[in-house]
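Structures are listed in the sections that come next.
In the two complexes below, chain A is the common chain; its partner is chain B in one and chain C in the other.
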Partner chain A sequence: MKTNPSPLNARLPREGRIAARLAHRVIEGQAFVLDPKENVLHRLNPSASLVWKALSEGKTPGQAAQSLAQEFEVGLEEAGRDTASFISELRDKGLLEDA
Partner chain B sequence: MPEAGPSLLEELHGLAESAFVPLTMVLELTHRCNQDCGHCYLPRTSRTAGPRTGGSSELGTEEWLRVLGELADAGTLFLTFTGGEVLLRKDLPVILAAARQRSFRVEVFTNASLLTARDADLWADAGVAAVGVSVYGPDAACHDAVTGTPGSFDRTLSGIRLLRKAGIPVKFKIPLMAGNASTYPAILALARSMDAAWQVDPVLTPGNDGSDIPARLGLCDEALAEAFADPLLCPTESLTNAVQPGPDDPPCSAGRTFGSIGPCGDVYPCLQWLTPAGSVRTSPFKEIWTGSSALIQARAIRWKNLKPCPSCGKTHYSHCQGTSAIERGDPIIPSGASCRLTAAVDRAGARRGLKTVLAASAAKEKP
Partner chain C sequence: MPSGAGHRLTIATGPIVLSMDLPRPCRPTRPAKAFLAKAARRYRGFITGAPALVSMELEPLLSRRLAGWPEESKPGAAGCGENADPLITGSLPKAGISARRGRFLCSAPRFGWELSDSRGKGVFRPGPYDLDSLLRTLVSHLAPDAGGVLLHCASLSFRGRSHLFVGPSGAGKTTLSRKLGGRRLEPGHSVKVLSDELTLLTGTGAGSRPAFLAHSTPFWGEFRLPENNGSAPLGRVFLLRKGPAAVRPMKTGPAVAELLRCLVCFERSGPVLGRSLDLLLAVLAKHPAAELYWDGKRTDHIVAMLRQERRTS
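== the complex of A and B ==
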């Protein structure tokens, strides 16, 4: 299988798996994430919502960054940085878990 | 960038409302039940029948799994599984596991009397967020008299203990009736002793077949007012902070962000509003939700369309379109049940020296 030689893949984690305990939907472009254990509802901003939607569809962080670049008309480098930052923040909040 | 906060729930509902996303769906997996409660809104014939209801069969496992996928695609986030008694569905663990895979927030309503330790563990593994359990009395004599099922109190309490042991939050669902009204303080104490939440409902629902269950088994007007006069059951803010709807506001979320699906696949605006919009057995859910003329008509109803109550001449902010449809045959004619409820709450408010805002003198005069 060919790998993308872009530096994007070096920066981004290979996987971003949404924590199984979460209930979530993307409604009108906005992701709402409910943590039933903590009873806390989160709303993600539009770009983070796009990344979330991609991850929820089983796409890799790299593919999520590509969607972000396309949708928000930014360069792949910037989209990669933003995606890495979102994923790190989501992981810190326990919304993503290790594979 | 996640944001968090309680007002987000209102925003989520607002967003869903603007796009008619069926954010919350109640799925009746079966009408069959192992108990025989006199106050149940389901006709006894459907509770005691086999998996066939009214000449058509309950949706099978594969059909429910398909429906869960369709609901997720339509934007549903909050799911409640109810019955009848859901534990009579042997495929319940499969359905709950599929709901988790589809990332719903799941709640289950049950009498818990058939629940095993294995069920409780499976429900916990499936991420069930909360379980509502019907409790009708603080002891076997009171509870079993309502269920018509000897031994049901002990079995229900055993089920609740298993759920709590598995770490699943439990809420006692306590309908008040003439037969158990005086016992609710003891039932609440029991709930607290089991680390369970509780919800008391002083109003019974008319039968789906039109039978007047509230008149037969419910609280009399005086007892109803007494119940609402108790701040424990009816907090002050729920009486005084009621938001007065505007003429162009919808009466409720039924058919807008809320809906239900019956055991045989019929889609309704609400569990109580039984105007069928289509069947998921023959059509995709989204096609029914967006295209059904029954739902489109339901969504067009506004406060200004409601008729004055035939009894008191007012419109009630507790107006229930489903109850009206059952009782009056028309969702816009206020029901006797909502009239009694409004009067009782007004009396209770007066006793507590509170100004309630539950009725308007005429539809046209509403703010």
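== the complex of A and C ==
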């Protein structure tokens, strides 16, 4: 998958894919992520849900950050930082794996 | 050989039919016969002659321990409540099902079994109450393939419609079932308890006109009727709350999160969990959930709602 060669993408984490073991749906703008390995149901907040939805649709972290900036009317820098932080958290929890 | 007698016990809950046999050519001993006779009484109302989805052999029936197997579920008894814990609580025992080349393996602290669907045979190492745990686990495992889910909820039917009362232990499912079960709300029409603990919910006709059925299961909590096997089309879905009488509509998101917490599913596969999630979403799309507050005593508002539901459905 191609990414935009923008400065933002350079600071964003590498692409990943949602772990195959998960069941996840976005309902009324909120992402529900079932992790059977950890017996946990994650309910994401609206901004995290937007990023999750973008990633689940195969978009890059950069594209997810752009969606976030557009939807929540924040600067691209701030959206990029939030996206990077969220993706890092997803990786820590094993919800996102290397593509 | 008749089901529920002799060597075989065949139990149906909704479309899920399980059959258990004594190992052949083993002749049943007295403890084994006593066990099967007790099991047949324990699951009466659910005994069927229908062909089984899964058949298994009960291997260690010679154990004298089985002769002492109790017929009734007792509150707080080992294996009765614990293994019914839903997946999404964090309190699930280290139990699980895995499938490898057509063989199902299940392990839990007090019981374990191995079942091959290709050969239709299994091994069951039971302790007291563990047949119930095994059956519950099997039903929860087979439910997604039967287009259903096993939910930790009471279900009451009135005038041909079933209503779900969802909540964890202590939410009042059994109390409500005891208060309303058998109560005649209208001439010739009583409330029937499909289950006070675990309900099998199935869906058919996916798409624009889905239909959902609530089925009795043989896994009771404290409440029990002599013959309580039945099914009825779904009416309302209530999330039980403690508090002064009130009914408040719920949004789909919070409602599905609560239903997921009451989902009995030992499956560890994303696609299967996804199917269960989709079924719950389809249920809520057609039957929006409501929070049902009650004080554990007065049921006037619930009775009024059941009567009203009959008029509006």
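Keep in mind that, in the parts below, the second predicted complex is superposed on the first by the 93 of 99 C-alpha atoms of A that agree within 3 Å, B and C clash if a C-alpha of one lies under 4 Å from a C-alpha of the other, contacts with A are read in each partner's own complex, and residues count from 1 in each chain.
As a convention for this text, contacts are C-beta pairs under 8 Å (C-beta built on N, C-alpha and C of every residue); 3 or more make two chains touch, one makes a residue touch a chain.
The structure displayed is predicted, hence computed values, not measured ones.
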item	value
Three-chain arrangement built on chain A, chain B and chain C clash or fit	clash
First, second, both or neither for A:20, with chain B first and chain C second	both
First, second, both or neither for A:40, with chain B first and chain C second	both
Touched partner set for A:28, first chain B, second chain C, both or neither	both
Which superposed partner A:53 touches (first chain B, second chain C, both, neither)	neither
Against chain C, colliding segment of chain B, chosen among 25-33, 43-51 or 61-69	25-33
Residues of chain A contacting chain B in one complex and chain C in the other	20-25, 27-28, 30, 32, 34, 36, 40-41, 43
Footprint of chain A on chain B - complex, ascending	1-6, 8-9, 11-12, 15-16, 18-19, 21, 23, 72, 75-78, 100, 103-106, 127, 129
In the complex, chain A residues that touch chain B	18, 20-25, 27-28, 30, 32-34, 36, 40-45, 48, 56, 86, 89-90, 93, 95
Chain C-touching residues of chain A, taken from the complex the two chains share	19-25, 27-28, 30, 32, 34, 36-37, 39-41, 43
Footprint of chain A on chain C - complex, ascending	87-90, 92, 251-253, 256-257, 260-261, 267-274, 276-278, 281
